[in-house]
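Each in structure tokens, the structures are laid out below.
Shared chain: chain A. Partners: chain B in the first complex, chain C in the second.
Take a look at the complex of A and B:
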């Protein structure tokens, strides 16, 4: 009985010693690894800074940064994220010359799931055109995460030829919010605007928008007009204004006015009906647009809208009246204690008057 | 000025690789640099040091850049401020300039452009 207890105790002690040994072993191994990585990071940092300052050649930089690509990518991330222009081009040349692009191109095809995802992100950020075909294949992946990063990578590469194809995937297979859809579309670059314009011109004849994208028309049009607005794409104005009709979807009208606000471009179309729309968002966005262009034609209507029951309609109307009348009209409302004096006072104060 | 008669610049940036890159660039231009990574260190550092300019990210931990600009103004600390921030919306830029920032560069950025604008602030 006693020997049984001794053996058990000895077994437990051995087990504890083994666990302690393993903990110490892995701790030391990690520390060694960490020291090695830190020393590489220091070496890489020196090389990178010299390379970015044109103090050493691309070849020399590539020769000094051509191993441990996963760690190297971690090291380069803040620079990839924060540098632009010539310096970003230098980074692109570096990752092409030091074998990193080839390494991640290979991993995009052969690695496990997380490896493929990391590779797709890297290749997108570095705008590696050679990755396009594989990324395109990934659009049909059952793996939602791989599909999503491949969409983002294609947008980052700016593969405009695939914009509509990617858009269809985004709309049908993914769970992107409208804001995310817009953000990713914008990442494709300004050159998608002429393609959208061309599509809208065809659409005017063919009316196939829902058949092509398999989602309600207002979603696509709203997205397109957000993109036009973001890039202030004036050549697309005419295509957009064909939808500035009181019969159009309210959602579309709101996005048109938002785009017009960004474009800051005067249009000839009559806006009276929009200023009297039952939808307060349309009324407010129309007034907001007039606050940008300062069109005196609508002064009487805007004057009336200062007393609108909706705060935003009232605010943008007062702002538009201010822009048109240089504050004199609002001052007159306040001084004569007329309806709308509170909002007039607010807008005047906002403009330090 | 420091003992070597070099202008000293304070960098308030919590992203270490970026502050190191900026420091490298500035030192190449014969400028001294000090780095703080938390917002609440900026004002004490400006008071204790002899800085010619401040390069600052708006999104700093502990105390944000707009609050720091506000304190610089209230405490009459006369120092040119160059904002280098990932905040790129027009309203953020206007807000910072209204609060007393002299220059605003958005990230991603070009270190050469940063250098040019800083030199302008320093009157070189």
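Take a look at the complex of A and C:
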């Protein structure tokens, strides 16, 4: 017994010494890395600024930034994130010319798990088309993180030919929320809208929407209408309005109204039934849409909805009344202390009245 | 006398078994935490967690701040929260019948008027006197209600909240400006996530400007340094480790995010315990397992909330007694989890561990000290085995503390000076001589409070952050 405890105590002492050593070692290592990165940062920053200002050539900039790619990626991250337009195109040319793209293309195939993930993120951000095939293979990876970053990279590259394939993977194999699905889908770019429109027309005719994706139809439709809304894709309006029917799925109706709000496009269909829907989200989104289009046809209903028990319905209805150009109605409610005065005052205050 | 000595001997064997069980579990949790933190660290290095929030497809959040006698800190706290980096959120401050000038301070600083919101009583609470909107800050709502305790105030906040996610923040805490983005991101990425907790760190003597911790300093006060170590241990290996085996039983009331719909389903926080944060997570786990739905309760080491810890032994004692009482109440209110295989690892391992080690640990530890003391009296001294065992137990505690320090240095390195880290190593030794025994006594008294059904929350001292 005694010897066992001796061994245990000795083992623990050794471990303590080891951990203290590691704490000191990591501290010194981290400080050394910081100093090294700072010194390189100064050099790289100067080259990058000169290059972006067209003061030095691409070749010269590439020659000055062609080593330590992992650190270089750390340095470039904020620029990759924030540069837009011509400056971003310049940056893409630089990472192609200085060997960074090739380095990460190679790592995407040969590195360990975290190396592959880092490479996929970089190649996606820099929109390197040569990575598409490898990223496509990664869609079937057992490693969820690698699969996720590959999906995102394909979206960032804007590989529209693979949109439906990626979407199927996202729907069937991932645990993405609806928000994440939509956010990744829109990264593919606006040109996916005509493809979606074509798909909707064909598959609705054949009643195969559910069969293609193996998830409930309302999920797909909601996602597609969100994408139409985001890109304000008016040619898709007709396909979308086919579903603007009180008999449609409530989820689909909500997403149609959200898309209509973004499109800010007036429609002919009667919205009365939606303003009186039992689902408060539908009521609120219909009122919100009217706040955007300013259609005075529904003024009486909107006036009544200001006193709706749901805050959002009440808010969007008061807002719609204001946006229709009838702010005096809200003032009158406040002045006469009528029901809905708090909301009317809130909307007026929001508009500095 | 011999019989009694044999009894002590048997207890010693039990203590050895207990020692290996506890420390074995802690080592296991350390291993899990190491890989979990490493994985988390590499993923935030690689992934851009801000990206989903630059689009419009994110989940808006209602931040609930319960406030009771917080006139000194409440305004600074709200201003710092209103300045958080997040695309869409509202701040719901619930004045829980404060006796000081909290509500007057709020009215004065935020230009409050009667709110447009109807108070929905989805969860029963003490009567609400008034709900206010701020004319200066459209995303600020203040609920003024009768006193009902922290849980009741949180429930009132949940009732008023408009958004699908609810984040609870203590009125005496500060959140890092990107912490909300980091803690909400998994809710956008994974539909299974129903709750997520972040790390709580000690803000005492840190350099704080504009409601943000600008430089992390190690306090010179020993009582604070001991607590720095405790918080590092509890969060960097305890919670990360338990979360890694999907058995997390607590998300700190100071900083946690939940899906509102699930909070409503379990009827919010229980007002029958002072450990309402733990009780909620236990209840959520029960509810989700019963409904047979896939779900996740996450803990992240990086989204950081900074809190002021007590600087005097009286307040600290009162806090720790309350925590122990809350632990007992929460565990007992959910005792059907105890060794219940329907709840998997949570029921078979995590809950019993909390019961035997976290709840009853102080009794066993006290008996351990008593046994040594009695052995000395009966035998006129202690044998080598007992001394060695005692030393090993202390060394093991030191090892666990400094492993947390190592995790900190390996990843977040908030304490930039080497001298601070070495000081904490020294305190990891020091805490075993006096502080640890004091802590055991506080926890014992907390247990006694639990059995004697004490109900008060206890007083808390507040001071301004800067």
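Simple rule for what comes next: the second predicted complex is superposed on the first by the 300 of 353 C-alpha atoms of A that agree within 3 Å, B and C clash if a C-alpha of one lies under 4 Å from a C-alpha of the other, contacts with A are read in each partner's own complex, and residues count from 1 in each chain.
The working rule: a contact is a pair of C-beta atoms (placed from the backbone, for glycine too) under 8 Å apart; a residue touches a chain by one contact, two chains touch by 3 or more.
In this text the structure is predicted, and so the values were computed from the model without any measurement.
Novice: Between chain B (first) and chain C (second), which, if any, makes contact with A:81: first, second, both or neither?
Specialist: After superposing on A, A:81 lies in contact with both chain B and chain C.
Novice: For A:30, is the partner it touches chain B (first), chain C (second), both, or none of the two (neither)?
Specialist: second
Novice: In this superposition, which partner touches a larger number of chain A residues, chain B or chain C?
Specialist: Looking at chain B versus chain C, the one contacting more residues of chain A is C.
Novice: Based on the superposed arrangement, let me know which partner A:6 touches: chain B (first), chain C (second), both, or neither?
Specialist: So A:6 only meets chain C here.
Novice: Between chain B and chain C, whom does A:342 touch in the aligned arrangement: first, second, both, or neither?
Specialist: second
Novice: Does chain B (first) or chain C (second) touch A:52, or do both, or does neither?
Specialist: Touch status of A:52: first partner only.
Novice: Find the residues of chain A that appear in the contact set with chain B and again in the contact set with chain C.
Specialist: Looking at chain A, the two contact sets intersect at 81.
Novice: Quick one: which bits of chain C touch chain A in the complex? Just the residue numbers, please.
Specialist: Checking each residue of chain C against chain A gives 42-43, 45-48, 51-52, 55-59, 113-118, 133, 135, 138, 162, 187-192, 384-385, 388-389, 391-392, 395-396, 398-399, 402-403, 405-406, 409-410, 413, 418, 421-422, 425.
Novice: Give every residue of chain A touching chain B within the complex, in rising order.
Specialist: Where chain A meets chain B, its residues are 45, 49, 52-53, 78-79, 81-88.
Novice: Where on chain A is chain C touching in the complex?
Specialist: 1-2, 5-6, 8-9, 12-13, 15-16, 19-20, 22-24, 26-28, 30, 81, 114, 117-118, 121, 145, 148-149, 175-180, 182-183, 186, 226, 230, 309, 311-312, 314-315, 342-343, 345-346, 349-350
Novice: Using the touch definition up top, name the residues of chain B that touch chain A in the complex.
Specialist: Per the stated touch rule, the residues are 15, 17-18, 20-21, 24-25, 28, 86, 107-113.
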